[in-house]
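Below, subunit A partners subunit B and then partners subunit C, in two separate complexes.
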Partner chain A sequence: MTTAARPSPIAWLIAPAALLFVLFFVLPFGVMTAMSFYSGNPVTNPNAFLTTRHYERFIFDTAGIFHEALWSTLRIGLITTVISLLIGYPLAHWMARMQSRLGHALVLMAVIAPMLTGIVVRTFAWMTILQDKGVINTTLMQWGVIEKPLPLMYNEFGTIVALVHIYVPFMVLTLTGVIGRIDERLEQAARSLGAGRLRAFVEVTLPLSLPGILAGSLLVFALSISAYVTPSLMGGTDVLTLPMLIAQQVGTSFNPNFAGALGVILLLVSLTIVVAYNRILARLAGGQGMA
Partner chain B sequence: MSAAPNRRPFDAGRAAYLTLNALLLTFLLLPIAIVLVFALNPTPYISFPPVGVSLRWFEKFFGSAEFMSALWLSLWVASVVLVLSILIGGACALALARGNLPGSALLTAFFMSPLMVPAILTGLALFQAYLLSGIGRPVWGLITAHTLVAVPYVIRTTLAVLHNFDRRIEEAAAVLGASPTRVFFEVTLPLIRPGVFAGGVFAFIVSFDQFPVSLFLVVPKGETLPVVLFNYMKFDLDGAIAAASMVSILLALSVVLVLERLIGLKAYVKL
Partner chain C sequence: MISRRKALHTGAGLAALATVGAPSILHAQTKTLKITTWGGKWGEIMKATVLPAFEKEFKCTVSADQAFPFLPKLQVSSKNDPIYDVLHTNSNEQWNAVTEGLVMDKITAKEVPNVADLYPYAVSDKIVGVTIFTSAIGLGFRTDKGLTKPTSWKDLADPKLAGSRGGYLIPVNSLGQAHLMMLGKVYGKGLTDLDAAYKALEALKPIKLVDFTGQMEKMLLSAEVSMGVIHDSGVYRYEGPNMQPVDFASPSEGVLALEQVLNVTPGSKVKELAFAYIDYMLRPDVQKMLAEAVWYSPANKKVKLEAKYDAKLLTTPEKVATLIQPDWKWYNARREDIDARVTKILKG
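And now, the complex of A and B:
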């Protein structure tokens, strides 16, 4: 009864989504890319010409801020990723190995709850904790541990702390899936053969979860290099990242063409990472033959 | 059952493991709890420890015309996005799962791609496109942008349900004489409804909390709540922000509870 290869009438239901995506996703990114190669707005300005000068401006960086911005974007992304992994792994392992369903549901809720709280709100929470009159500094000063407030915010440190908090749930959820798929009996076998718990973990579970570690890390890296709210609120004048630079070009410099070029650069970096992420996940889902 | 834990009187390694995890959970949840403390603390600026309990910041938040118009705009946009993304995303998921489309795996990946691209770039690209085509920054442009990034969630949750349910139920209905239309409305639609609704709830939250996509698409005096909060926070850090944060957290939490009731969270958070 079901026609094997021919699309059924239900296939037409794809039309609204296809229209939305072509007009408001594919086309705009085309426009952004085109704009990045123009000297001005080609519609309103008849003198606008094709040029690669926006990319040259970035590459030669005579102002001396663009390479630094790219570098600090990548550095913040990398540190955020490593810390998220160190924090996320124990939580993910705990969740994946939890016997009680209620416990599992509760931890899952605890991990997801921050995800459902907006980025602006969570960044605000960290500002109240880390600022000079914030929770940590006042408490430490009252205890007499320190005399002057510690510089916990308006720098890279504060930015990274808040970014880790925002993106750890993504790491946990990716890792939980992968660790949960590792047969627990492998670890038990290693232990019954005389390995200690730590050794069984380091030599069996950890290597088997490597693809998950990679996938989670790539995801968190891709998310944190495109973060805007957190670095601009937590970083103060100390931190300038690529997304902040883009917003500056649109908001204060009103140079949408250069913003477009910066956008294309950020897009290329993050798409490379996302493709790698998908490759790893696809390989995970395909064969278990990674071990 | 076979893995019944062999309980020993005290296990230092296990205790350390559990303590570590408890600490990590605290790290995740404590900041949100702290926001509540500041929302209720009456001092004129953020200060710690709290000196009392008052509702003055909630009064300030609900009494401020700027915050209120932003809140209503956000709620309005999120509600329209919810409806649009349910319709567009639900239909798209059905087509992907039941339409016998060639290359449906590739198409699915394509419809997921707004989640892969940095959101701030989606905002930038739309801003450029609206600028070039002379559309400007109307509210419908913002709604369309939010719908674009919300639709993938609906597609994902609906596909999850479609892949999980037994196709033979539909076939049985057809064998028993139901017309394809009747099968669709009486079998398929009720079965996928929880998935579509769950996606709709995600869509609502994605829109309500949306910042990066909105950043370039809102006009002065027509800003959504996250944008207003962000601009306020650049200069002022007082309890009004905390109160506003509590309102959004409570909204999100009630939405999560609804979600949990509707369908159970577990199946839809797989990445």
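And now, the complex of A and C:
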């Protein structure tokens, strides 16, 4: 006689997260993908028909802006990720190795503090700093260092500065946890065997922290390429990203089908980059899968 | 056989149930009107004064959505049971909505009696639904920068304003779209002369572009721009204690209309109530209250505003005649090409 297999307790614990994932990602993404293959909304418009024209519109890009928008999105995402890593890694390493609990708590608070303010507020704060009549340009002009305002805003530079400020805490928090778990004695052993401080870091600590680098980078990259508010406010006419185009298609061109196609394209391209990045890091780490 | 005690208990229970259930039964009988409306000062007055008075008079409840954009939400709701009964937007969105059969084509005095008292522009062939207010799109400028008051749209192209003139991200802002058409009229053969408009737009570079009017107000107030395209109410509202060194100029070629339009969804279950709401919004006393609160020009000819508002807003047939209404049906049909072209022009 056989008894029906009971689901394990772990399955019950995972169930809420799985349900949320299905409800708020799989289902909306499925609807979005289906919409991207229709000429209109098939629920409200009986004349809507299946088509690939939204993808063709992007691929052939007769308008001459879509490919540039995709490249711009990825470029901003990559630069933001690299700069966040360069700023975040030393900070995370310092925090992870800090002996003083009070010091660690204070630095942690300093890292988290910006996250207590909304992205819109932080972006507007950057606007008051970087705009032509902002703090930097006004000060430099008063000191006679420059005659005309420096172009600090309404371009990719301003957008990346604001994005890095917003996303560095995500990088630091991810890296701190991973670096904190690396046994310090491994580095000490390397040094006692003759390795210098730099070599011990490059050959011991850095490879062991690769999972944190991967997780932090993916997090920052994903957040950067999907950012809407900051590129919209800081980018002016110089920056056009896919999330801006998607918002434009939904909110002002009222074309959710093309917006859906742009969303699918952005996700596919991002996944391709993530998989490639994962493989490269896995190879660097000695052939072990990283994620 | 039912005993007297049991009968009394049952009766008391039913009475209690009726008492508890009565509000919900009453509520079920009360009609609900679902509308869209703006936020800010407009929204405050609507929620504090206008809507409660309407609910009391028409014995209904009004559910007001202030979370913009409205049209995408209407697009995904059922046409037979739409998310809104009354759609309040600017004119160009109404043209998008009517193309998809989401709103009515025209609203006449037959459905809304106060329509008979409106200026002609409010129900012209450039309007889907009915205009309840309009603003004038012209040029806002700083009065502390030594600039002479602009008299023409061409003044925005003054080389002195390089880098300190302001406009809009045309694909996402109807003021920017209307201004593009105006460039066609001022520099070419008319509002639909896009080649002339593109050339004139190129000549406006370097220009600071924003995506909504509130941001243009901030740019003018912070002197980030010295002159920019804006609607009159976006400047006039900084009067009195809020006085700022900014003013509004109506160019001689005419001002563009930024209409506040109401329309009814064909599938509304409370269409009569929806028409009554539009009629209510067109009443002279309601029009006066809202016009003086947010500096919108009332569409009803019978409205008499206080002198300071009357002096600046479009309240006479002569002043109304300076309004130019863009053909949004024409524009929306070419929108994809225009968006791509202006994006390329303004990039870099």
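Assume the second predicted complex is superposed on the first by the 235 of 291 C-alpha atoms of A that agree within 3 Å, B and C clash if a C-alpha of one lies under 4 Å from a C-alpha of the other, contacts with A are read in each partner's own complex, and residues count from 1 in each chain.
Operating definition for what follows: a contact is a pair of C-beta atoms (placed from the backbone, for glycine too) under 8 Å apart; a residue touches a chain by one contact, two chains touch by 3 or more.
Since the model is a prediction, treat every value here as computed from it, not as a measurement.
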**Request:** Report for A:256: first if it touches subunit B alone, second if subunit C alone, otherwise both or neither.
**Result:** both
**Asked** For A:45, is the partner it touches subunit B (first), subunit C (second), both, or none of the two (neither)?
**Response** second
**Asked** Now for A:132: first (subunit B), second (subunit C), both, or neither, which partner does it touch?
**Response** second
**Message:** Let me test your reading of the model: by the given contact rule, A:154 touches which partner, first (subunit B), second (subunit C), both or neither?
**Reply:** second
**Request:** Go through the superposed model and pick first if A:238 touches only subunit B, second if only subunit C, both, or neither.
**Result:** second
**Message:** Taking the superposition on A as described, I'd like to know which of subunit B and subunit C A:203 touches: first, second, both or neither.
**Reply:** neither
**Most subunit A residues touched (candidates subunit B, subunit C)** = B
**Prompt:** Between subunit B (first) and subunit C (second), which does A:248 come into contact with in this model arrangement: first, second, both, or neither?
**Reply:** second
**Prompt:** First (subunit B), second (subunit C), both or neither: which does A:65 touch?
**Reply:** second
**Request:** Name the residues of subunit A shared by its contacts with subunit B and its contacts with subunit C.
**Result:** 41, 43, 131, 133, 250, 256
**Message:** Can you tell me which positions in subunit B touch subunit A when the two form their complex?
**Reply:** 3, 5, 13, 17-18, 20-21, 24-25, 27-29, 31-32, 34-35, 38, 45-49, 87-89, 91-92, 94-96, 98-102, 107, 109-111, 113-114, 116-122, 124-129, 131-134, 144-145, 147-148, 151, 155, 171, 174, 205, 208-209, 211-212, 215-216, 226, 229-230, 233-234, 237, 241-242, 245, 248-249, 252-253, 255-256, 260, 265-266, 269-271
**Item:** Contacting residues of subunit C [partner subunit A, same complex]
**Value:** 69, 71-72, 75-79, 96, 100, 163-164, 169, 171-173, 208-209, 211, 222-224, 335-337, 339-340, 343-344, 346-348
**Message:** So in the complex, the part of subunit A that touches subunit C is made up of which residues?
**Reply:** 40-41, 43-45, 63-65, 131-133, 149, 154, 232, 236-238, 240, 248, 250-254, 256
**Asked** Where on subunit A is subunit B touching in the complex?
**Response** 1-8, 10-14, 16-18, 20-21, 24-25, 27-29, 31-32, 35, 41-43, 87, 90-91, 94, 99, 105, 107-114, 116-129, 131, 133-135, 138-139, 165, 168-170, 173-174, 177, 184, 188, 197-198, 219, 222, 225-226, 228-229, 233, 243, 246-247, 250, 256, 259-260, 263, 266-267, 270-271, 274, 278
